[in-house]
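There are two complexes below, and they share chain A, which is joined by chain B in the first and by chain C in the second.
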Partner chain A sequence: MKIAVAYKWAPNPQDAAVGADGTVDWGRAKASVSEYDPVAAELGRRLADATGAELVGISVGGPDVASPMARKSALSRGFDRAVVVADPALEGAGPTLTATVLAEVVKHVGDVDLVLTGDSSQDVGAQLVPAILAGALGWPALANVTAISGGAGDLVVERLQDSGSQVLHASGPVVLAAATDAVVPRVPGMKDILAAGKRPVEVLSLADVTPAAPVAATAVVATARPALAARKQHVIDGSDPVAAAAELVAALRADNVL
Partner chain B sequence: MSSTYILVAGDARIDALVELAQGTSTTAVVVGTRSVAEAVAASGVDAVTWLGEPGDAPVEAYSSTVATLVAAAQPDVVLASSRPADRVLAGAAAAVLGAPAFTQVSAVTVVADGVELTRSVFGGIAQETDRVSGPAVVVVDGGAVTTGGSAAIAEVTASAIPTLTVTENRPAERAVVDLGRAQRIVSAGRGVKAKDDLGLVESLAAAIGAETACSRPLAEGLGWYTHDRYVGVTGQQVSPELYLAVGISGQLQHTVGARGARTVVAINSDKDAPFFAEADYCVVGDLYQVVPALTAALS
Partner chain C sequence: MTTEAVEPDFDVIVVGAGVAGCVTAYRLAEAGRSVVLIERGEAPGSKNLSGGVLYSRVMEEVFPDFLTQAPVERRITRNYVQFLNGTSSVGIDYQDSRLSDPVNAVTVLRARLDAWLGERCEEAGVFLMPGVRVDEVLTEDGKVVGVRAGDDELRAHVVVAADGVNSFLARAAGLRPQEPTNHLALGVKAVVSLPAATIEERFHCAGDEGVAYAVVGDCTLGIGGGGFLYTNRDSISVGVVLRLDDLVAKGVPSSEVFEHFLTHPFVAPLLAGGEVSEYASHLVAEGGLDMVREITTDGMVVVGDAAGLTLNTGLTVRGMDLATASGIAAATGIEAALAAGDTSKAGLAGYRTALTASFAGQDMQTYAKAPAFLERERMYEQYGSLLADIMYGAFNHDLRPRRHLRDVAKRAFKRSPVRLRDLFSDGLAGVRAL
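Up next, the complex of A and B:
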């Protein structure tokens, strides 16, 4: 059995600066393995250990995704090897381009039985890449997955829904997006990081794995700072809690909110 | 006339999608039971294509069939709700159309040879207007059930991807809250130091008949609240009359989930808490003293 874990090397919007015209400056935001991806890696590692499967990390993005820092950081999460597409044309790629190139990487790796992803990326956060990736492969996808057991062609998958949890049987290849709290990922230690440096990474360019169907171009025509509702920003001093509570209650009643 | 396909995975809460599609000819493709198809037909769409009773296949197993229907129709816009199964249908459609996919979209317009849309990006830190040279897939909060329409339901023969079957459904051990409909919400953040202290927040919520909610660390790191009570960019987007944030600093990733609130109150000991810039009433003080005083004043 072969398990691929798709991960993203991405900056965190928490550290980005936003200009007056809404342009996002990533200058000070350091990239990292996107925050939910270690959950997928951990789920994959446990299943690989239980079944003797090979665990392959896959990622697509700008040149950074093949940097020594990105390689080490990703492989220390427990992958046996990694295959990455590092190409300037994929810098800031949207979900559809990202996912259709990932689908080509899955085909390039070959004989993959299961693709795991995190819940969402920390920068774009669309929660769409696993769904589009599955669509491009012609596989089904499931999100909010909390547990996986069994082996190739005989997987038992548990996922969360509004109505409760559901157990499914997958007798063919499938893309599974892990719930954010499916497992607690291990924190890589010095040993993991040193071992990661020795594991193989195959670096591809977009030309090696171009999707058959092109993705329509998107042009940004305008940016703006987020539209904020005008708020009163009325400050109430809470150093006297009783007076503050009385003032707040009176104000909310005057506003007809209470 | 431009055309929109609305993809529905077993849940007829799509009024926000119908509204976004106004001015275009709308076809809903419904995976789910007949009663879901009937509810969708009543929601104001122009036509409904129903894939028949799903049997023991999960709705996601119909993603290929849905994608094939969308590819044949080549609509200008494909809309779907951001619920997990709906996203799978939308993803399959995006793959087959080679269409860019977007979330957090507030406006969609079909223009000459493409689509223009306005959306919030990177967790809500900025807004962007984009032009796509071709069809676009748009995934947003579906909203609620609506009635008033009466579209005809056309049943088509559909085949599920045969390799995926549901073997067991376990009911939730608790009722799931629908924060999206709550009129009043009291939300707790990291300023609450211990799980036992959540009683303070619960008492305040009880005093004003509010639902309780939380910021992300309380749901995902600490597990004090279930995920359906987490307000934020990857959690719930709420629009209550009153949103009362207790000990929440107000990172964008949280406040973007509460921007629809009519009145926002933030209680925080840090006078520079970012939440205060997005609040109507900014109570600068120790929540351990202010919250009980507030509960007392309201009881």
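Up next, the complex of A and C:
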């Protein structure tokens, strides 16, 4: 069995600055393996160890995705090897382009039985890539996955649904997006990072893969901040604590909070 | 030659990817040694705040293209020394085109500089290992043989402690005691974003020229230390450095001192309209030569801030150039020790020899008395007022008959708590220390 884990080398929102006018400045943000992707890597590593499968990290992005930092950071999560498309044309690529190129990488790797992804990316958070990737491959996609067992063509998948869970059986290749807390990912140690530096990484450019040309393009023309919730702005005079407490309780009762 | 129980993973382990660590690692990798550079932050520079004024010539010895390739902010061609009082300020404005060519000093933001240094190290073949916190040094028969982080151990012929002013590696290896508080200062600083054009207009600097201020007096509310301000490309770094012993003794919160400096009528206009993009505090080594103790032991050397290599001469505060020099010296010493197959303390002695012979070692010696001189209280309050009173007497035309400047100075001096013998004593000590 061959398992691919798609990860994103994405700017870290911790370092992003939000201006007074709501604009986000990513200028100081350093890239890292996107927050939820290590969960997918850990799920994949455990399944690979249980089934003797090969675990391949796959990623697409700008030239940085092939940098030594990015390679070590990704491979230290437990991949046996990695295949990345590093191309200036993929800098800041949106979900559709990212997913269609990822689909080509999956085909390039060949004989992949399962593609795992994180819940969403730390910089965009659209939660679209797994679905578009599955669509491009013609495979089913399941999100919010918490557990996987079985083997190629015979996978048992547990996913969250509403407040409960559901167990599904997949009889062929499938794209699974891990729930954010499906497993606790390992923190790479020195030996993991050392080993990561020695594992093979295949670096492709966009010319090496030929994703389907998009039929339509979208572009952001405007953004707006979420509207602030309307508040009652009911201020209680606190000079007499007993009266204030009584008024607060009455107000909460009137609104059916208590 | 010392026997190694286990084959080491690397020739050298460097802990800490700051200036000293990166320079040591880079030099050794260039010499063909296998080097791992371990950094606690997710990337070099990610744990670092603001930056500083870097006297850059020594960096050009390591990276000849430093000034054109590295992310330097501005060339410092103008230095202000400012005595700040509550409602007055007396300054010396020193501009000199000779500071521009060859370039003497540049401002840097460490988040950018350290990342650049890390990349150069990787290009040279250093195995960069970010996101790893070293828990302890491994010793065998009293010799340092490696480091442990979590469950993992790495071994090397030599470990380089480049883990900053609080170097716990140096402390763990017995090279450093707990520092007395008068050897340490608390730096509180902020980076204030402003458009490059505003900075150039406000500070009268063209292109990539920049300005550095050294401020003493009211900026620290009389606490030993000083204020600083320097221009980056599109931001200003501003802050205070407060001697820890005096700060504790005076019982004033450091944030209050910092706020006081930033809102001081002579400082606030320089920052007006800016937005604080970084704010932090950090310990600074201020002990001078007294703080530099043993810098080698069996299997280990200490470099940069971890070795106590910082200098405050009152006019200039230096750390990064000394860190660079110590990295160069350490690499020289380690390379010689590896070549000779003796990485014991005696084998590594070439580091201290090289450091002592370098400008860094000599400057530490030259300014050995500076910390004690700068502990003199009068520096921080009384001289600024005295100067301002003399200037006031000279410039304030209140329709009373003028006096000779000599008399003005004499009167101001009489009103000042500074006594003549103080002036002599401080003057003499200053000349000797600086």
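Before moving on, here are some points about what is shown:
Definition applied: the second predicted complex is superposed on the first by the 205 of 258 C-alpha atoms of A that agree within 3 Å, B and C clash if a C-alpha of one lies under 4 Å from a C-alpha of the other, contacts with A are read in each partner's own complex, and residues count from 1 in each chain.
In the analysis below, contacts are C-beta pairs under 8 Å (C-beta built on N, C-alpha and C of every residue); 3 or more make two chains touch, one makes a residue touch a chain.
As the structure is a prediction and not an experimental result, all values here were calculated from the model.
When the two complexes are overlaid on their common chain A, residue A:37 makes contact with neither chain B nor chain C. In the superposition on chain A, contact of A:235 is made with chain B only, not with chain C. Counted by residues of chain A touched, the larger count belongs to B, out of chain B and chain C. In the superposition on chain A, A:104 contacts neither chain B nor chain C.
Using the contact criterion defined above for the overlaid structures, shared-chain residue A:113 touches neither chain B nor chain C, since it reaches no partner. Using the contact criterion defined above for the overlaid structures, shared-chain residue A:69 touches chain C, although it does not reach chain B.
Shared-chain residue A:87: touches no atom of chain B or chain C.
When the two complexes are overlaid on their common chain A, residue A:172 makes contact with chain B while staying clear of chain C.
Overlap of the chain B and chain C contact sets on chain A: empty, with no shared residue.
Across the interface of their complex, chain C is touched by residues 12, 17, 20, 28, 30, 32, 68-69, 72-73, 187-194, 197 of chain A.
Across the interface of their complex, chain A is touched by residues 58, 60-61, 63-64, 67, 82, 84-85, 87-96, 98-103, 114, 116, 120-137, 139, 161-173, 176, 208, 220, 223, 227-228, 233-234, 241-242, 251-253, 256, 259, 262-265, 267, 269, 271, 276-286, 289-290, 292-294, 296-298 of chain B.
Listing the residues of chain C that touch chain A in their complex gives 9, 36, 38, 42-43, 46, 111, 115, 122, 127-132, 149-154, 275, 277. Of all the residues in chain A, the ones that touch chain B in their complex are 13-14, 16, 18, 22-24, 94-97, 99-100, 103, 119-120, 123-128, 130-136, 138-144, 156, 159-174, 180-181, 211, 213-229, 231-239, 241-242, 244-246, 248-249, 251-252, 255, 257-258.
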